[in-house]
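Report on the following structure.
When the chains are written out, they are named A, B, C and D in that same order, and each has its own residue count from 1.
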Amino acid sequence: MTHPFRDADGDKLREECGIFGAINATDASAATALGLHALQHRGQEAAGIVSWDGREFFVRRGLGHVAENFSSSEAIAELPGHMAAGHVRYSTTGGSGLRNVQPLYAELASGGFAVAHNGNISNAMTLRADLVAKGSIFQSTSDTEVIIHLVATSRYPTIADRLVDALRLVEGAYALIVMTPEGMIACRDPLGIRPLVMGRMGDAVLFASETVAFDVVGAEVIREVEPGELVLVDFSGEIRSVRPFGSPPARPCIFEHVYFSRPDSVFAGRSVYEARKAIGTQLAIESPCDADLVVPVPDSGVPAALGFAQQSGIPFELGIIRSHYVGRTFIQPGDGARHSSVKRKHNANRSLVEGRRIVLIDDSIVRGTTSLKIVEMMREAGAAEVHFRVASPPTAHSCFYGVDTPERSKLLAARMELEAMRQFIKADSLAFVSIDGLYRAVGREGRSASCPQFCDACFTGDYPTSLTDLAEAQQKTAELPFADPKAA
Amino acid sequence: MTHPFRDADGDKLREECGIFGAINATDASAATALGLHALQHRGQEAAGIVSWDGREFFVRRGLGHVAENFSSSEAIAELPGHMAAGHVRYSTTGGSGLRNVQPLYAELASGGFAVAHNGNISNAMTLRADLVAKGSIFQSTSDTEVIIHLVATSRYPTIADRLVDALRLVEGAYALIVMTPEGMIACRDPLGIRPLVMGRMGDAVLFASETVAFDVVGAEVIREVEPGELVLVDFSGEIRSVRPFGSPPARPCIFEHVYFSRPDSVFAGRSVYEARKAIGTQLAIESPCDADLVVPVPDSGVPAALGFAQQSGIPFELGIIRSHYVGRTFIQPGDGARHSSVKRKHNANRSLVEGRRIVLIDDSIVRGTTSLKIVEMMREAGAAEVHFRVASPPTAHSCFYGVDTPERSKLLAARMELEAMRQFIKADSLAFVSIDGLYRAVGREGRSASCPQFCDACFTGDYPTSLTDLAEAQQKTAELPFADPKAA
Amino acid sequence: MTHPFRDADGDKLREECGIFGAINATDASAATALGLHALQHRGQEAAGIVSWDGREFFVRRGLGHVAENFSSSEAIAELPGHMAAGHVRYSTTGGSGLRNVQPLYAELASGGFAVAHNGNISNAMTLRADLVAKGSIFQSTSDTEVIIHLVATSRYPTIADRLVDALRLVEGAYALIVMTPEGMIACRDPLGIRPLVMGRMGDAVLFASETVAFDVVGAEVIREVEPGELVLVDFSGEIRSVRPFGSPPARPCIFEHVYFSRPDSVFAGRSVYEARKAIGTQLAIESPCDADLVVPVPDSGVPAALGFAQQSGIPFELGIIRSHYVGRTFIQPGDGARHSSVKRKHNANRSLVEGRRIVLIDDSIVRGTTSLKIVEMMREAGAAEVHFRVASPPTAHSCFYGVDTPERSKLLAARMELEAMRQFIKADSLAFVSIDGLYRAVGREGRSASCPQFCDACFTGDYPTSLTDLAEAQQKTAELPFADPKAA
Amino acid sequence: MTHPFRDADGDKLREECGIFGAINATDASAATALGLHALQHRGQEAAGIVSWDGREFFVRRGLGHVAENFSSSEAIAELPGHMAAGHVRYSTTGGSGLRNVQPLYAELASGGFAVAHNGNISNAMTLRADLVAKGSIFQSTSDTEVIIHLVATSRYPTIADRLVDALRLVEGAYALIVMTPEGMIACRDPLGIRPLVMGRMGDAVLFASETVAFDVVGAEVIREVEPGELVLVDFSGEIRSVRPFGSPPARPCIFEHVYFSRPDSVFAGRSVYEARKAIGTQLAIESPCDADLVVPVPDSGVPAALGFAQQSGIPFELGIIRSHYVGRTFIQPGDGARHSSVKRKHNANRSLVEGRRIVLIDDSIVRGTTSLKIVEMMREAGAAEVHFRVASPPTAHSCFYGVDTPERSKLLAARMELEAMRQFIKADSLAFVSIDGLYRAVGREGRSASCPQFCDACFTGDYPTSLTDLAEAQQKTAELPFADPKAA
């Protein structure tokens, strides 16, 4: 079953991973399973947990949801010990894809080494070619495995030094949880593009992609792992912090606020629910609308719709009902069924909508195909007018930091201007929140052009790192008209 | 995966079935699969479809969701023909339970006979014993099979007459869709306790438990099948209506409005969403509350919460975030995790709730265990006050008409008075909507005591039919203190 | 995996069933599982066991071998009690075929009723039509179910009388093991066409299709159940014998000696191994041959080949090696692979065969296709001459008593005379044992034409019962040139 | 299902692998599947095939038999191309064992590299530790992977040179089939301990562990790959032979003749069937016996029993009938069942055995437990005397060259002298063929003590290579009383 938040038509960006780790925990793998379950929205296709019981590592990975693989007592009993880390992942294809399911694990000369990674290494292909030429044999197609081979072949004496040695060669976005026989290491790339937070539950130290994982296991949040920081925790409970990469200004991913994180998480110092409501408020101020009902596209549009409704005074109503049972494509009956792929997920609440002027609120527009179907569904249900308000700026550029984006030529905002987009989705009006409005909603005073406070490359095309693999690929092929980044 | 609307702790009533049928349809089984998918909330444990291609019947049944069993083109190709009917079911246990998955099918002397049944026959045990004594051999433990054997052994010449002959012996609640080589028969018990609507899609005539199934397949609603009516449709398209049981006043199940039906369905002439909002409005009038936020228990409490918020002027906010990935019980980690079976499904939106006075709105209270956990979760998140408002009267009696109710001794409202209930769930205040308020919200002028307009036995203990099997069982055993109905 | 004794090309007759029962046994279902395992050669496609623990019946059935379904302690624990009966079956098709897997079980007014049946009821279609017309509903397409419905609708007071009442209406071949809450009933049709033996293990009474099942469980053989006899065993250990059908002369199936039974069984008073060796001896006397080596077609031809070799003085050698891993058809590689479907099972022992004159011994010829391939394989391996000797008379007629025979038009001996057969299989010479030789080998003084001592209809076309269903079918269709029996 | 030839009680030595390769073949993977099927007796637990289509390698591996994994056209279609190699393997445990299923495959700097290996590298642990220290990451626990990493890290320019470079470091027994984008390389260790033959089918060149694989695919045998030889075949069809290791005298495994190879294979220049018959002849000469019947322990004792019978003049009879349906352990019924684990596989042919003096012929005795059960079974069936003759010398030493032997302390012949063995198995007499007799039977003039013509370490303890891993392990632990080799 695919993500019920999301759109089977591919009209959402997809976060690729969530990670969780626990050390000095009585039931480390049980806590990890529960924590991953709370992060399930970040990746539904596969899940894995590695544990260490003081003598041995134990690995269990499976396709499907965390609950399918890790809710039984048998599964947890196979993962004994006081240290464990896990991973949920968006995309793997086919059975052999199990090789790519994380955490990855290897036996190094220093002992076992497991790593769970959220992000994307933008020079992975280049590093991999070098390693293979020297005799390294890769097991997976995952960029994460590059890190393991770099550690394995590093000449430094300690694991921590080998890991730093490896990360110096790596470019891109990463939040990592590493397990060795000496303890756990959590780290984040120098710009902190991907999220990672640190928590505590009794004597246990925990790490997770989002704070909601701590809520669910009953732990408290300590702080974020800082950009460029390595946090090392050993079995005596000692916690050390290392910052080998200096202190470049942070650039966390702003789309965590727009869509990726759960609304009950706190990200970059701000409640995600409140950030989303504030975006809705901002939208109502920037692009008001004369209408009878504010209708969210469920479920991700709900907080922004509440903000829009409270700001505008227009009533918030469930004009679209979402089915809880989505996922597969059904064979269509021939007698007049229309738009039913949308209707399986979303059905107009006809008695409410009929004859009314509607403002639809959605979090983002990617390809635009679902937006079009929803506008049409509203009109078929008798809506007098359909206005569309989007709680993010136009998504016009691909992400190379671990988010699965359609190729640029399929992004609606890369293909056309605002009015053309409005015509494409057949709305009576269309507006996006401004980039400065978005920054204000998430608690800043607008975007700093010289030194932006977030990574917002999907909106602006301003990529904060070099993109070596992409550049090499572009040298080999004729540049595609929509290749990102335009000016690279 | 269990019903994400519902509570794994058993704190909701569970509808036992949904049914759908299509005749003279180009792709009857595809339409049926899609229609059943829209009725998935009425039963998640098993699904089945029977089709007829003019010469043969084809049967396919499986445990699990409709999408797991009927979304592939292979599955649909195995169900050819222009007539099909299907069924989703709540409870079956174990693999052998497949015998009980409907539609049931039998080869009679007149040819094949398939039936999909929503409801419960309250003299099934008595009828079954008679049939077995005469040599009938039952394949299942389903009460529905009694109807088939009564038809098989009836001496009337036509199938329609045999079916009427059989139904004259039957007591209780039923909505049936029957398929024979001559066409489709849809019928409803004389009181119309269980729902059944009729629709049209081109030349095809459709029947379904709820109107939302017609929306999803792209069909239009014609009308309800009337209480006590048999609608016969043949392959020439002729539609006949027969009413062999006279015209007792109707008593449709009022809980369809409270919880069972999807909010985008129309039931007994009224939009379910609007009925629920009206219950919330009525609650705010009957039992107002001084608070900062109206918070729905998601998702079923949302419409009533909107009604309450609009009536009271208190802002509606998502103070509880529901996970989309629920279902299984996880092993609990030992370090301080508390209440996490609730937290896996529902997590407090702490930054919103902290320091505020909250009104929680839920659709009903069954055992009360989940209500308690949710109140505690709000307090742990820092709520200053927690008031509980319930969008139905106290559920104090078991249902014998096809709804899975806990035994009466486990119903909170059968065990204690209002103030004791409030203390049990640890709320600062507790109120239920009144029975008359409920009737007004669903469009009547209060409950008619002499001739109630709905079946509301779960609230009032006023059962509209005799309950032969129950009476016989009670003669055999000492009467249990909470056995229903008390006065029988 | 199909029967490794047998030929995937369909060139053997296939026994359809084996049955086993145990009453007053400490571990009745464990003994039944082991006994069925010893009868596995009689049916490989499905297996089932029903047990009774004094209060309830327990049923477990599965596709595949006994070992796959009944070797685990969990499986046996689900079948508690001191009485159990089981069945192995040759042919079921598809998953839904599980309905036809025996023992069949029904709840009658008198309580549970289970039956395991080996044989075929030759008026089952006619009886079934009558029962359905009166309101009986069939669950399976098995002829066995007719017996259950006849028992269910019989008006006699006791189960034993009802069973006799039912069997009086039944025509054909049957060995039955019946379980009721009162005990076990074993019976055999009046001619004793299908085998059934009775054994003892401590206090337990056992029934089985062959004596080898008693060897394997460690029990001793008491005697055969007699033709037309019902043996009733109750839980006090009392054994009663009833013979309601008088005493027609017995006609047991002679093909049990030729092929069906295991060589270590004793059938109709004679060791099967010795009978087969004696057939080989008889063949060597009737149709001697000048050759260098006697080569059995493994494994079923081995005993007859030993008899032939000992009689003729020609050395017995394994000129054909059989693989233990057969069953599936492989995709054939394109480069010159020939006859490899045979070679997968049977490979010439080239260094032995080359330049030699070979006498091949096989138990029977059905279609002749495998015989042809084996002769060709011998020639390719360099055999100087290939003579074929068959340890049964020509198989020229279909069986209607529970053995799966190809339709008559596909039987080689129904299509052509001896010389044509020889040319078809490309042998240098071909001979079958004579029908009188066969009778002598199994211990009689030749076949009694007036009153044959065995059923040998597959060789002679002399069917010992009427064949009502076949006669009715032939009235409806033009008579097929090869329909059996010719003169009917 | 385990090997029907073999003994679930562990009383046979188990060959660990069979390999097959095809290059320049129209349907290389179909031929490989069929060839592996013919080698199934060498390993039943897992199978794998890798193919190359000129651009890509394709891999498919599975637990279970070849037929379960590679008989479908879908499976073969996933393995396109004109070059393929495959492997069957005896022992893997659990699902994760799939990592160890061969052929192993890796992406090296030179392109893909696949290897199928039969044998055992006796310094694998030592080499592995060196490789890991330099940064190599192992995917499996297979000794075969050592070869791949040695190739990956070799500094020689061509794949052939890198492979020779790797093999120079390797000690032990190996027959390898290697695939690279340039073609196929087959090679055998310098002593030729494990078998490998070369064949031709049209333009295709084939390699296999035994000649029977060529019979089954319809190919002809060319010759054995010589000890220490590398045969390189490219896509133009050119065949080159390289002998980088000089010419030490060959030492092929003599147990191939005793038990491992199929009787229809030719090994080391001699028909295996004839070798086994000759061992039986030799036994009858060395250790004659006054008896009524020669009875083979089926199926592996049959050829030697025929030799013994022909030499002695005592009739050969099937006194033991083997079931074709073995493998699992059944729950034992409580009522007097004895020895049924043996009886499930082997049942005495009582009417033959009763009152007779029996000579049992088996190929070898490992633990002796099954021999004891079979002698007891003969006595229970009424045998007057039971003499045991073994068609190999006493098996007193473990194998370190790829054969799964019980630890030495469990080998009957390592624990006791001849008379004690006789008493243990309760036979009236016991004799083994002499070592010189065995050599004569396989075509030599007795064993050359100075330079034995075969590896016979399991009989003599004379290991032809050093055993580095074993020696290092023995330095670490106190020497076990039965550790092999005693004097090392």
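Keep in mind that, in the parts below, a residue touches a chain if its C-beta (ideal position, glycine included) is under 8 Å from a C-beta of that chain, and two chains touch if they have at least 3 such contacts.
Going by UniProt, the chains are A, B, C, D = Amidophosphoribosyltransferase.
Remember, predicted model here, so these are calculated numbers, not experimental data.
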item: Shared chain contacts [chain C and chain D, defined touch]; value: none
item: Chain whose average C-alpha position is farthest from chain C's own; value: A
item: Chain centre separation (chain B, chain D; CA means) in Å; value: 64
item: Centre-of-Cα separation between chain B and chain A, whole angstrom; value: 37
item: Geometric centre distance via CA averages, chain C-chain B, whole Å; value: 52
item: Of all residues in chain B, those that touch chain C in their complex; value: 59, 96, 106-109, 132-139, 148-149, 152-154
item: Chain D - residues contacting chain C, complex; value: 1, 3-5, 22, 25-28, 30-31, 33-34, 37-38, 40-41, 44, 65-68, 70-73, 76, 201-204, 212, 215-219, 262-264, 266, 271, 273-274, 299, 302-303, 306, 310, 315-318, 321, 323-325, 327-340, 343-344, 347-352
